[in-house]
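Take a look at the structure below.
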């Protein structure tokens, strides 16, 4: 189909969908309305179980089964990336040249790295109290690790990141979530039931029964998953070369290229 | 002002979704197309959170305020969106991994030049 | 409505709006600077929002942005070094004024807050914000690699 | 018993996590055996739960039973259709894993467990979707099966076509998924609930349908129909199914696409069938029109293919159209017929893909023209291929035939002709392939139009085994044989059809309306007619190829299938508009 | 008036999303997407969803740009090889 025809199709379809969406928007309850039956019930249920952050209670208790699904999507996407970005028969690895990063950048990276890791842990740990949790904190911690690539070079990162343990950690954290769920089933009530542990003092780190456990499992899963994911891309972009392709001469050796290539 | 505000968030979500879909359909670069897809995804978050908003309310987080003192917004949509944001990023990564392989095997990331599957 | 939120509206409307314009148009060197400025402006905005809504818990967002915003800019600086080398961005004045805005906001909030644990957090955010953005800006304008590459 | 429902998801997930964790150290045989064992265990669980599904099993995940009628948890519904789909999914996963046992392409270095782990994740996603009673939860599992399917489709990364097909698949289906999520958000805004039954009640309380309900319906349906590959959302399917590894194809064509239809049925039945939903007449119009067009285009394009896997993919589209027609009747008879049809089709289609996989691994090609007369030695495969083709046509007593005859009766009128013709054309195309490839009948097809022909040949596909097979492993032949036996049993075992019908009526009308499902003389005659028609078409095509060759008139239709992802997205947008227009009277008159 | 900040954030999201689509070069698009991520996080905060905002910040500020740029880098390195070695 030539671009012109396609544009016509997009215009027709887009116009129809736009009309539909606008008509629907006009019939939606006004923005900021007061009717949120499910939301109000969720807040009450969260307070009953001594979880200060209602969102965490919805995520890791009331709708923990959804989170299991999301967690699995994450797990599957990472496993899929690993398979898709594997080194194939016609490729080999060429170790990159050490990069030469300016001293201030290097110092900044080394200074911020521990701070960022701590922040990640803090965000995970306080998940059931204040905004944050396993999903956010895991990403922060994993991103922090890659300051080593930005501030030093890929080899420095590889030294602290043997990929095997992270892959195993990813899978084990997923299993931990599932095992907690099955424990709920065996412990007499239902799958993922939060009835095994005491709910603790409201607004403390140990409150909420299994919520902190599931939260921690998610944090570990996400952190490991992101590390593995980025490892796949970094390997492809920096190390893996096809037959006949030049190795990376210089880690920053980008040719000056016209954009839009 | 208020009449507009009552639907503006929804309209913005619809606009963002349509814009992303337009970009996807007319993209000349698969990396750009994946970026457009994440724009579409952002539309869903905007819509979800707009649906859950309540005038004059605050976040349903009681670490720094006592329960019941202020009205709170709907936590359910937040929970739905929050997990999806992170998961969406990894799905984007999966798509990008496929783009890398398309570039390797076809030598191009321009959808106009991918002509192997047709008819 | 209070003064804090009003300030946020202004910062977002004028400041972030302008960086949006900057990032969407013009040569690459301008776009990377605009991207850096957008985080440098959004972070104080988040701090002000926390104050305006009277929710200290929201400060965590500013903390994460102050940490990861410069990291994001470093990503661009690192992976676009080749393209930026021939045409390095120079935006000293803008960067310094954004830093000054950030520092000013943190200072005002510190004064309002008074000595407490929250103050420490604010100071950490402020230090990360100002330091990170100045460094990221420097990395963009060719300071990423050492002397060997010139 | 209902407490065990979540295990249908948890067991395969645990298996996958285990395989991924130990993937580096496990020998390949162990990893694959674990995969088979876990999927078999899940299948056993589904089969054990199935007899307990009347009244339907209901489980609130996390033990969050509703208080005074309102819950905060996620509800899982283990009714006959849901558990039946879960059982079908699990059995087919087991078949696919057994098919690939020790023969599928060498695993990625250090990731021996990756392929079985992904298959188990796929199974978990599909089972989760089948038993979901909560709209957002259904979306989550829907996304999971999508994500795994993209990765599995692109599994052979060294194949240019595989990665392209996978990317197209991924982009179109992700967009469909986001449309579905937008729809869910709209419905949540109106009703403030997420459980399907609650949303339905909320809509009913809101009076007659308006633009919001219409938009919710259209967006939700868009997501599901993309997965079900209804025209014009179908373009991704041939591109993806033709290039995916054979075991994955068995699952994609056998159950994943049908889960899209299942989703339409489930969500219409629980959310949109009340007075606040859409009037039956309008839903009927939407599904009937889309189903008829899908069936017709699928059958036509199926006939024109020479790439065997692509041909089978189009026949899946054609049959999806027939399923949509059956569901579109909105009658218990239609539901019963489609349920049986889906079961029989899963066995037959998976068997066909399995046989094609053997051809690919033995000869390194899946091109009808190139393989002409080359596979004569594979007698057993030839018999199975032909038998599956006859099953596709609806030869009694295959399950497909019984399902088709029941659905035909429910649909009635001129659409019966469509059923007969579509099943005959798709089966005729498969028989044509069988006659040429296995028997070497007819003249060798000429490469008429040189290299600018607008088609995808099946040449240049790499075998999926480590090297070309000299001897076909027993597992690879046993699996299609068993699948065919299953498809045969679905129609021939007395009482099976009635059990299916009972489960369906239990799920839809709490057992109040019971329909009896049995062979009728008309059904048998129609089945024989389409079989004869298929044989006749194949005979003509083989002996006088020019008579049934694609005319130049068909070229515009073929050009639509351009392989360009932008085109497919444009068609997706057009499709939503078409859905909206078809369902518009519901709002105008209501 | 409390809504003014919501309106501004919404408009910023709409504009930056449009820009992200209109900017066709992937490198430049990833810059716009980074800004879109930050703006979305601000919008989520004013919609009183700090949890989601935090998610968006964590993902949008560094992770997504890094993924996009690494992909661009790999693809371009290939393109360069094809130009040198190809016909």
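For reference, chains read A, B, C, D and E in written order, and residue numbers begin at 1 within each chain.
What we mean here is this: a residue touches a chain if its C-beta (ideal position, glycine included) is under 8 Å from a C-beta of that chain, and two chains touch if they have at least 3 such contacts.
Just so you know, these numbers come straight off a predicted model, no measurement behind them.
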Worksheet entry | Count of contact steps on the shortest path from chain A to chain C | 1
Practice prompt. Note the shortest touch-path length, in steps, from chain D to chain E.
Written response: 2
Fill in: Each chain counted as touching chain A and chain E at once
B, C
Response to the item:
At the largest C-alpha centroid distance from chain B we find chain D
Fill in: Contact-richer chain pair [A-B vs B-C]
A-B
Practice prompt. With centres defined as the mean of C-alpha atoms, identify the chain lying farthest from chain A.
Written response: D
Worksheet entry | Rounded Å distance, chain C centre to chain E centre (Cα mean) | 16
Practice prompt. Determine the centre-to-centre distance between chain B and chain E, using the mean Cα coordinates as centres, and give it in whole Å.
Written response: 11
Response to the item:
Rounded to the nearest Å, the gap separating the Cα centres of chain A and chain D is 31
Discussion item. What's the distance between the Cα centroids of chain B and chain D, rounded to whole Å?
Written reply: 28
Practice prompt. Would you mind listing the residues of chain E that make contact with two or more other chains?
Written response: 2-3, 22, 24-25, 27-28, 48, 50-51, 53-55, 57-59, 62-63, 66-67, 70-74, 78-79
Worksheet, complete the sentence: Residues of chain D that touch two or more other chains sit at 136, 143, 147, 150-151, 154, 157-158, 163, 186, 188-189, 194, 559, 562, 564, 566-567, 569-570, 572-573
Worksheet item: What positions in chain B touch 2 or more of the other chains?
Response: 5, 8-9, 17, 21-22, 25-27, 34, 43, 50-53, 56, 58-59, 61, 63-64, 72-73, 76-80, 82, 84-87, 89, 91, 93-94, 96, 98-101, 104
Worksheet, complete the sentence: Chains touch one another in the pairs A-B, A-C, A-D, A-E, B-C, B-D, B-E, C-E
Discussion item. Residue numbers of chain B touching chain A in their complex, please.
Written reply: 5-11, 14, 17-18, 21-22, 25-26, 50-56, 59-64, 67, 72-80, 82-87, 89-91, 93-94, 96-98, 100-101, 104
Item to complete: Would you tell me which residues of chain E are touching chain C in their complex?
Response: 1-2, 4-5, 8-9, 12, 15-16, 19, 22-23, 27-28, 31-32, 34-35, 38-39, 41-42, 45-46, 48, 50, 53-54, 57-58, 61-62, 65-66, 69-70, 72-73
Fill in: chain C - residues contacting chain A, complex
28, 57-58, 60-61, 63-64, 67-68, 70-71, 74-75, 78-83, 85-86, 124, 128, 131-132, 135, 138-139, 143-146, 148-149
Worksheet item: Of all residues in chain B, which touch chain C in the complex?
Response: 58-59, 61, 63-65
Practice prompt. Write out the stretch or stretches of chain B touching chain D in their complex.
Written response: 13, 17, 21, 24-27, 30, 33-34, 37, 40-41, 43-44, 47-48, 51, 76-77, 80, 84, 87, 91, 94-95, 98-99, 101-102, 104-106, 111-112, 114-119
